[in-house]
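Structure incoming, see below.
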């Protein structure tokens, strides 16, 4: 049992942070890191190659590429980040394709969940005229449509026969440091219960019948995370203070189960419905939406 | 040949106005008018029952119900108009159904073409949870999606198996008096080349396999119409003035062909790309969008 | 020194909660509570009558009326809440006036800070035509205008000579229970450093020269609050558990200064820039914006 | 009496077109034309130097610079047009200044009238922090504020003491060719009855006490213009056709008064409330808003 599974995260890096502390490695999970663009963009390649690795990580087998950059928050970073992003999108897309369907998940009307639709708004769609390139839509969430988003996408795939799907979604991170600094790409698609909106069935190659590239961007941290982090920090601080060391030590010796119960007591249902975002989330969605759509446009048309 | 076909209109009443002047009747086309809500809403029932009638009208066989009311422009008219609308929606829907798919045609980003998406935003979707009621989406236009809207709708119908479709769209009228005063319902669906955006293939019972109720609201008048109307008015005015009667008479004797050519000379391509709308079109879309969505909600759930 | 001053709150009830625990009363501060609308709306009247009271509370002398209701979050609660609100607005406005200037503080482009501008959008302005009634504007925040908001308001007052000002603003609460459930009215105006945006100089009767009624609605909780609350809860939980009582007791014996320092260590600058909101903050702003504007319209015109 | 005064236009070039046909010159009015940016931008400098010139033109004495370019409609034209615009803004601003107040006139909620507010949204405001540069606001229209826009601006000027004002507004043109292709700058400010919204008192150096640079962009053509143009075209066409020459000649001999009356008969109040715009006016406002704000930012900060 992995204590980090208690706190939901959609980000592979946050899963692995918990598991590979102190130089520990995981069988069947491969990591590669590099800094590009003069060190301004940090890229981490994670590949889960075995079922054991998948079980340990709690994530499906496949490739996960994470871009991290402070530039993502800034207007002037759009070009650099889009360029980098397009390179890795190409890497995860199938080698040959004529048409790609882009799907922007999420609710256009709720700022924290609007990244997907915003990206679709800025894509350059050509399929119908040119017989190749991008087509796409923002299907809305179930509260808006009364339908499973997966059903809408399956119907559209049946009719338009694309060779691959790119799904774009806002994610929930564990760490507030992730907000506005991270983009995750994976060829494992999207699995139930993830995302800001928790709004869909599985969207994977096995459910849709064609390759699925998921592009996810953390936009919120669940309030429960702040509670958990505060708890952890208190222990660390207590241990670092001479006079309090005994107290801190005592709490730090709690079993995972004890810690979990303590945190559950702190988490009322009201806390659970809230989320932590930057006050300027509206701007963040605008900038990152531009970066992601530009990255997809470049990957597809250049 | 019918001179009124030169000028496009999506409204059955505008077609018939040209054809039934001077008490003339059309074989196979039946009319019924009534005033309801203390005379504040005018309802015209048109039914085209024969192929001959359809040819004469240039519109497919079926039922057309037109609501006209000055209340549509006003916040305080929403309840009355929605109530009336819901009655006629029920009349044109199949007698038995479990699920209805609502489709808001048009481009959310262009005010004049945004009525359909706005209506979808205000519908109460329940299908997934309750196994009956409304589901729906605003698929966007081809420039946004790279796909035929009809293909998206067909795909969604295949997956979700509704019993009928309601399509909502902004229309183009011939007469400026129609803007913000008219709603047209028809069970003939929507045919290519109509609407503000001209953006779709046929959406009819024969193309989609289930009954289609189309709700259309005129939001623009094509600029060409203003040119045509000015031309007609000039003739009338000339004829009514003693000293100019001869001149007016001469022009009024033009053949349809001559008139058509004259107007074509007045219509440059630039004029064709423009449209005539109320300055406060944003408000109009807001009020009428509320009325239509409330009318559908009532028809489906009450 | 009051430990609750460490954590910012704009709400008088949250200040008093800390100070009047265990039946303690404060000299010069008067409380009155009542339930109205069949118990669905809870009204608390607080009046700070003396300088001593003001010092104890850390808030200026004057009247504070707080409405609390679960109805505020709901579409169907708009009428009831607006009616109640209008009654208390009338109570705090001067007895005689011809013109009132409404000012919607905040940034229209950031959802969490957009309540003020949204309220202005829905007010019924008549002053210019009718020589009496409401006039108003949403001046924007300093980042948008490059000017002190107080300067803009002073300039407008000089030119239009209203008899009173109503300022509407989004507030920060200490408790997440306040989000979407509370409206605070006060005749003490708005003081520097309050509000979601922290964006203005003092707006009070003494700075503007005419009576100021401030209507504030909590829209965010500062992340620091969650940290603080978690810390407090941990102590409580520790004390309530037999095996941990000693540890909890030790921490609870920290001086205010020690606690403050501990919390500061938990609060990185990144945490400080974040805020806690409901995910559907966009809807909350919509509903409460309608309620407040309807309440003002009623108070002024009925 | 000048027949062109019958049809309102805010554009100096449209006034002069009517008056300087056939090589006619106007005393006291000076013209200079040049093509820049490889012929892609057409600049016309008009200066009305005498009272006689002002009377003939029906416009106040001062400088008018008009930029015309097809690039204005396009995303890729923003940089070129903003660069050109900034050059001419500098030319019309006072030589020395510390602070400039930018005012975006118009109604943010009505697309056709929203250019001014959109420009303000994209300006870089610095005054408060840096003691020099831009400050600005979008005061809204009288229907929104209940106040004369001129009063709000005067109040703000009194408090913030800028050295000049830049006013941005959407204009009405006579010719549909102007929509999305023209920007007019003038140091004569803005006079009553102009603009899309017709919403304000005089904003001139004499009314505000500091230099006023007005930047206007035609966004609508009044429907009356289309009627007038159709009328004129019919005459031309009639005269050019052999068999109709007599008829056309007769109409063309109408006095100005007769023509005016004829057109008034064509113009019902309903027509007057409508306007002619491109269907994609939302996009046009977006692109030109960016161009104008970038032009001002460059003029002020580079």
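Note that the chains take the letters A, B, C and D in the order they are written out, and that residue 1 is the start of every chain.
The working rule: a residue touches a chain if its C-beta (ideal position, glycine included) is under 8 Å from a C-beta of that chain, and two chains touch if they have at least 3 such contacts.
No experiment lies behind these values; they were computed from the predicted model shown.
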Neighbouring chains shared between chain B and chain D, ordered by label: none
Over-half contact-pair match to C-D, picked out of the listed pairs B-D, A-C or A-B: A-B
Between chain A and its twin chain D, rotation from the CA superposition, multiple of 5 degrees: 180
Identity of the chain that, by mean CA position, is farthest from chain A: D
Geometric centre distance via CA averages, chain C-chain B, whole Å: 48
Where chain A and chain C are represented by their mean Cα positions, the distance between them in whole Å: 35
Chain A and chain B: spacing of chain centres that average the CA atoms, whole Å: 44
Sequence positions of chain A contacting 2 or more other chains: 109
Pairs of chains, among all present, that meet the touch criterion: A-B, A-C, B-D, C-D
List of chain B residues in touch with chain D within their complex: 109-113, 176-177, 179, 196, 220-221, 223, 226-227, 230-231, 233-234, 237-238, 244, 247, 250-251, 262, 265-266, 270-271, 273-283
Chain A residues touching chain B - in the complex, by the definition given at the top: 109, 120-121, 125-129, 133-140, 142-148, 151-152, 154-160
